[in-house]
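Both complexes below contain chain A, partnered by chain B and then by chain C.
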Partner chain A sequence: MLETIQSVLREGWGWTLLRGTAMTLLISILGMALGVAIGIAGASVKTAGARWSSLLVSCYTTVVRSIPELLIIYLLFFGSVQAAADLADALDWQEAMTNWFPALVGILAIGLIAGSYSVEVFRGALKAIPPGQIEAAKAIGMAPWQRLLRIVIPQMFWYALPGANNVWQTALKDTALISLVGLVEIMRAAVLGAAATREPLALYLMAGALYFVVGVGSQGVFVLAERHFGRGMKGH
Partner chain B sequence: MIDAALFQHTVVNLFQGFGLSVYIGLTSIFLASLIGLGLALMRMSPNALASRFSFVYSTCFRGTPLLVQLFILYYGIGTLSFVRESPALWWLFSDGGRCAVLAIALNSGAYVSEVLRGGFQSVPRGQIEAAKACGMSATLRFRRVVFPLAIRQALPAYSNEIVLVIKGTSLASTIAVMELTGHAKRLMNQNYAIIETFILAGMLYLMINFFLLACVHLLERRLKH
Partner chain C sequence: MITPIIKKAALCAGLALLGLNIASADTLKIGTEGGYPPWSMVDAAGKVSGFDADVGNALCKELNADCRFVVQAFDSLIPSLDANRFDLIISGMSVTPERSKRISFSIPYAVEDAIFVLPKDSALVSAASADAIFQGLAGKTVGVQGGTTHGDYLRKSAPGLKVKNYDTLDQMQIDLDAGRLDATFADLTSQSKFLKKVGDKHFALSKLVIKGSSAPEVLGYGIGVGINKEKTELKQKVDAALCKLIDDGTIKASSEKWFDIDISNYEVCKK
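So, the complex of A and B:
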């Protein structure tokens, strides 16, 4: 097995896989950023919004969480591929569109999926902030935006970190599915390599190892972040 | 607006895949529960080797995407010569459906083992000591005290795993098993009513999930009394 992996690396597939890893990271980070934005918006609506709007958010989270990720990716891909091609023809952007259209679909899909899980994470984080602190901030005359910026947001992110780590790990693994609509990330690089070298076992094992390393590495980042943002929160 | 003939075509096609999705899902849930229980018991056992194996297994399977695991099993293992030479192994790894069930069960088993471990750890020490004091043997203690208490604790988290398995069955379409998502993709690819196909397929998945969650909920209520 080791010899096979070495010969695969000699043929240059290691670089393809590493470039794929960079793409996986890019898509998961941008997708996660979109997911966090959706999560915070959804959580705010659920805690402070009107009844009908919070019902709408619940509907979104339930549906997206119960439907296979792959089906959502196919909807976004096949649903917009024709429109994207027409747009590219009109603007003469064919090349950029073929290269980046799957990436856009991926970011949108990961964002929607991560968002559906993030809503509950951020709702829990908002609820964890003691109401007494908000009242105290009001009592000393802080403006609403000051309360948000100085009291709510810093604590919300800290309370949300463990849950956000789970969502991130899922988002990272979900990016593998974007390979099925042609984005060259880790998994697609491995599929191409497997076809060219006829060593599928070695390539897929290497892909698995890469996902594992990225996952464990980012876990470390979350632990550091928790330590960093928890400096003022020792009572908890 | 969608016309009647197209609607019928979509429904008929999706229902062809629906049965296979349910079959793959239920078989995987059953196998994953067995694997998960085995792993959880190994993890809790005093044998360091068994406990370490269970930890490494669960870390590896939870740390990599299901798609990678499926491709390793279906495209990777099949290239090994000893698998090709053994009729039993070749029977298992040459068929997409069986490979999908195996991959999903192995993957979900890792998650279920963590859920069950949490359940086992939540059993109060006093209960076990009381059972010992009554003179129950280890197997009887497990059957009558530890297992029922652990299951009751683990059921809510277990229902999440069921949804994950049902969603995971959609990956079978990537190794040419025509289940629900496979048919939906084919219909979408032919540029037939994309949104309508998505809504219908999504509703079928919602139905499966809600039905299974209702079953778990009923079980939860029965166990409480």
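So, the complex of A and C:
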């Protein structure tokens, strides 16, 4: 097996897989960022918004969470490919659209999926902040924006971290599903390499190792984040 | 989930009315699968090679256009062509009535026969008719690549077989190698590539070749270039260029380079 891997590497597939890793990271980080934005917005609406708007958010999280991720990506891709082409024609952006459409669909899909799980993660985090603290802040005359910046946001991130960590790991692995749209991320690079070299086991082992490295590396980032947001949180 | 798409579609449809459809003038974007050697594969640098790439490049030269290949999963090629993500599909795609409902095809410039790979000691290797093979394999499991015409053919002509679909030829061939399949059914060209790789110790090609012309309504009329239905002018140009490439031996040369046999369709241009 080691010899096979070496010969696959000599053909240059190592670089292709590394470029695929960069693409996987790009899609999952941007997708996760979108997901966190959706999560915080959705959680705020659900805790403080009007009844109809929180119903809308619940609809979104229920629907997206009960449909398989792969199906969401298919629906987004096949549902938007025509619309995206029309938009590109209208704005004369065909070139940019051809190049960036797969990445956009990927980021949007990962964002929508991560967002649906994040809404509940951040809602839980907001609820975990003791109401007494808000009352105390009001009592000493903090303005709403001060309460938000000093009391709510720092603690929300702290409480949300373990859940967000799970969402991130899922998002990272969901990127393997977007190879359909023509994006060469780790999984697609491995599939193409497996076909070209006829050595599927070697390519998929290497892909697995890359996912593992990225996964373990990002765990380290979460540990650092927990330390950062956890400073001053005694008893945790 | 559904609402954003509809909203977006409505918005985009509105915007589209403001603009015009401007076809890219001298670049031809060609959709291809990239994971189906020796038809279409991508090397580590992302360069597309194989029979499809040769046909594409020769075609672009004939049409005085620059070629750009877009590599995408086979299943996504037709919807993407519909949406003008590229101008042509060149991906070893068989012309079938089913596909012709959605897109139009050039002339079938190549015809490919299909063949079984069987255990070497099987009596079916030397079977003389398709029916003999189907009866011999009754109740057994035969692997095909999903979404291809081969699976449709077996399901229709040999209902006694268990047909198992695979995403890629690799997965199918690994299962055959591991004894999880009794036979595989695919293009002559990819089957002989597989035998070349594993050697002829355990497996053999069936003597019998299933000709596409024996069941064109299922197996297809040959390999064609997929073209958006609205682009009739492009189709005429492509047809003329393909006939020229068949006549001057360009298709023959690259077919022999990749498959060791000539799969050019000489009949189609004589009509």
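By definition in this document, the second predicted complex is superposed on the first by the 226 of 236 C-alpha atoms of A that agree within 3 Å, B and C clash if a C-alpha of one lies under 4 Å from a C-alpha of the other, contacts with A are read in each partner's own complex, and residues count from 1 in each chain.
Note that a residue touches a chain if its C-beta (ideal position, glycine included) is under 8 Å from a C-beta of that chain, and two chains touch if they have at least 3 such contacts.
The shown structure was predicted, so the numbers you read here are calculated from the model rather than taken from an experiment.
Undergrad: Would you mind checking whether chain B and chain C clash or fit side by side on chain A after the superposition?
TA: With chain A as the common anchor, chain B and chain C collide in the superposed model.
Undergrad: Where does A:23 make contact in the superposed view: on chain B (first), on chain C (second), on both, or on neither?
TA: A:23: touches no partner chain.
Undergrad: A:36 in the overlay: touching chain B, chain C, both, or neither? Say first, second, both or neither.
TA: A:36 contacts neither chain B nor chain C.
Undergrad: Going by the contact rule set out at the top, does A:112 touch chain B (first), chain C (second), both, or neither?
TA: A:112: touches chain C, not chain B.
Undergrad: Looking at chain A, does chain B or chain C touch a larger number of its residues?
TA: Touched residues of chain A are more numerous for C.
Undergrad: Does the superposition put A:216 against chain B (first), chain C (second), both, or neither?
TA: A:216 sits against chain B, while chain C stays out of touch.
Undergrad: Of the two partner chains, chain B (first) and chain C (second), which one does A:187 touch, if any: first, second, both, or neither?
TA: The answer is first: A:187 touches chain B but not chain C.
Undergrad: Which of the two partners, first being chain B and second being chain C, lies in contact with A:103: first, second, both, or neither?
TA: Neither partner.
Undergrad: Look at A:86 in the shared chain and tell me whether it touches chain B only, chain C only, both, or neither; answer first, second, both or neither.
TA: second
Undergrad: Would you sort A:65 into first (chain B), second (chain C), both or neither based on which partner it touches?
TA: In the superposed model, A:65 contacts chain B only, not chain C.
Undergrad: By the touch definition at the top of the document, which applies to A:78: first (chain B), second (chain C), both, or neither?
TA: The answer is both, since A:78 touches chain B and chain C.
Undergrad: Following superposition on the C-alpha atoms of chain A, which segment of chain B from the set 78-86, 114-122, 132-140 or 150-158 overlaps chain C?
TA: None of the options clash except 78-86.
Undergrad: Enumerate the residues of chain A that count as touching chain B in its complex and touching chain C in the other.
TA: In the superposed arrangement, which is not itself an observed complex, chain A uses residues 63, 67, 75, 78-79, 82, 179-180, 191, 194, 198, 200 for both chain B and chain C.
Undergrad: For the complex, give me every residue of chain C touching chain A.
TA: 1-2, 4-5, 8-9, 11-13, 15-22, 24, 29, 34-37, 41-46, 70-73, 75-76, 79-80, 82-86, 168-171, 174, 197
Undergrad: How about chain A: which of its residues touch chain B in the complex?
TA: Spelled out, the residues of chain A in touch with chain B are 63, 65-71, 74-75, 78-79, 82, 173-174, 176-177, 179-180, 187, 190-191, 194, 198-201, 204-205, 207-208, 211-212, 215-216.
Undergrad: Please output the residues of chain A touching chain C within their complex, sorted ascending.
TA: So the residues of chain A in touch with chain C come to 11-13, 15-16, 60, 63-64, 67, 72, 75-87, 89-92, 94-95, 98, 101, 112, 179-182, 184, 191-196, 198, 200.
Undergrad: So in the complex, which bits of chain B are touching chain A?
TA: Spelled out, the residues of chain B in touch with chain A are 60, 63-69, 71-72, 75-77, 79-80, 163, 166-171, 173-174, 181, 184-185, 188-189, 191, 194-195, 198, 201-202, 205-206, 209-210.
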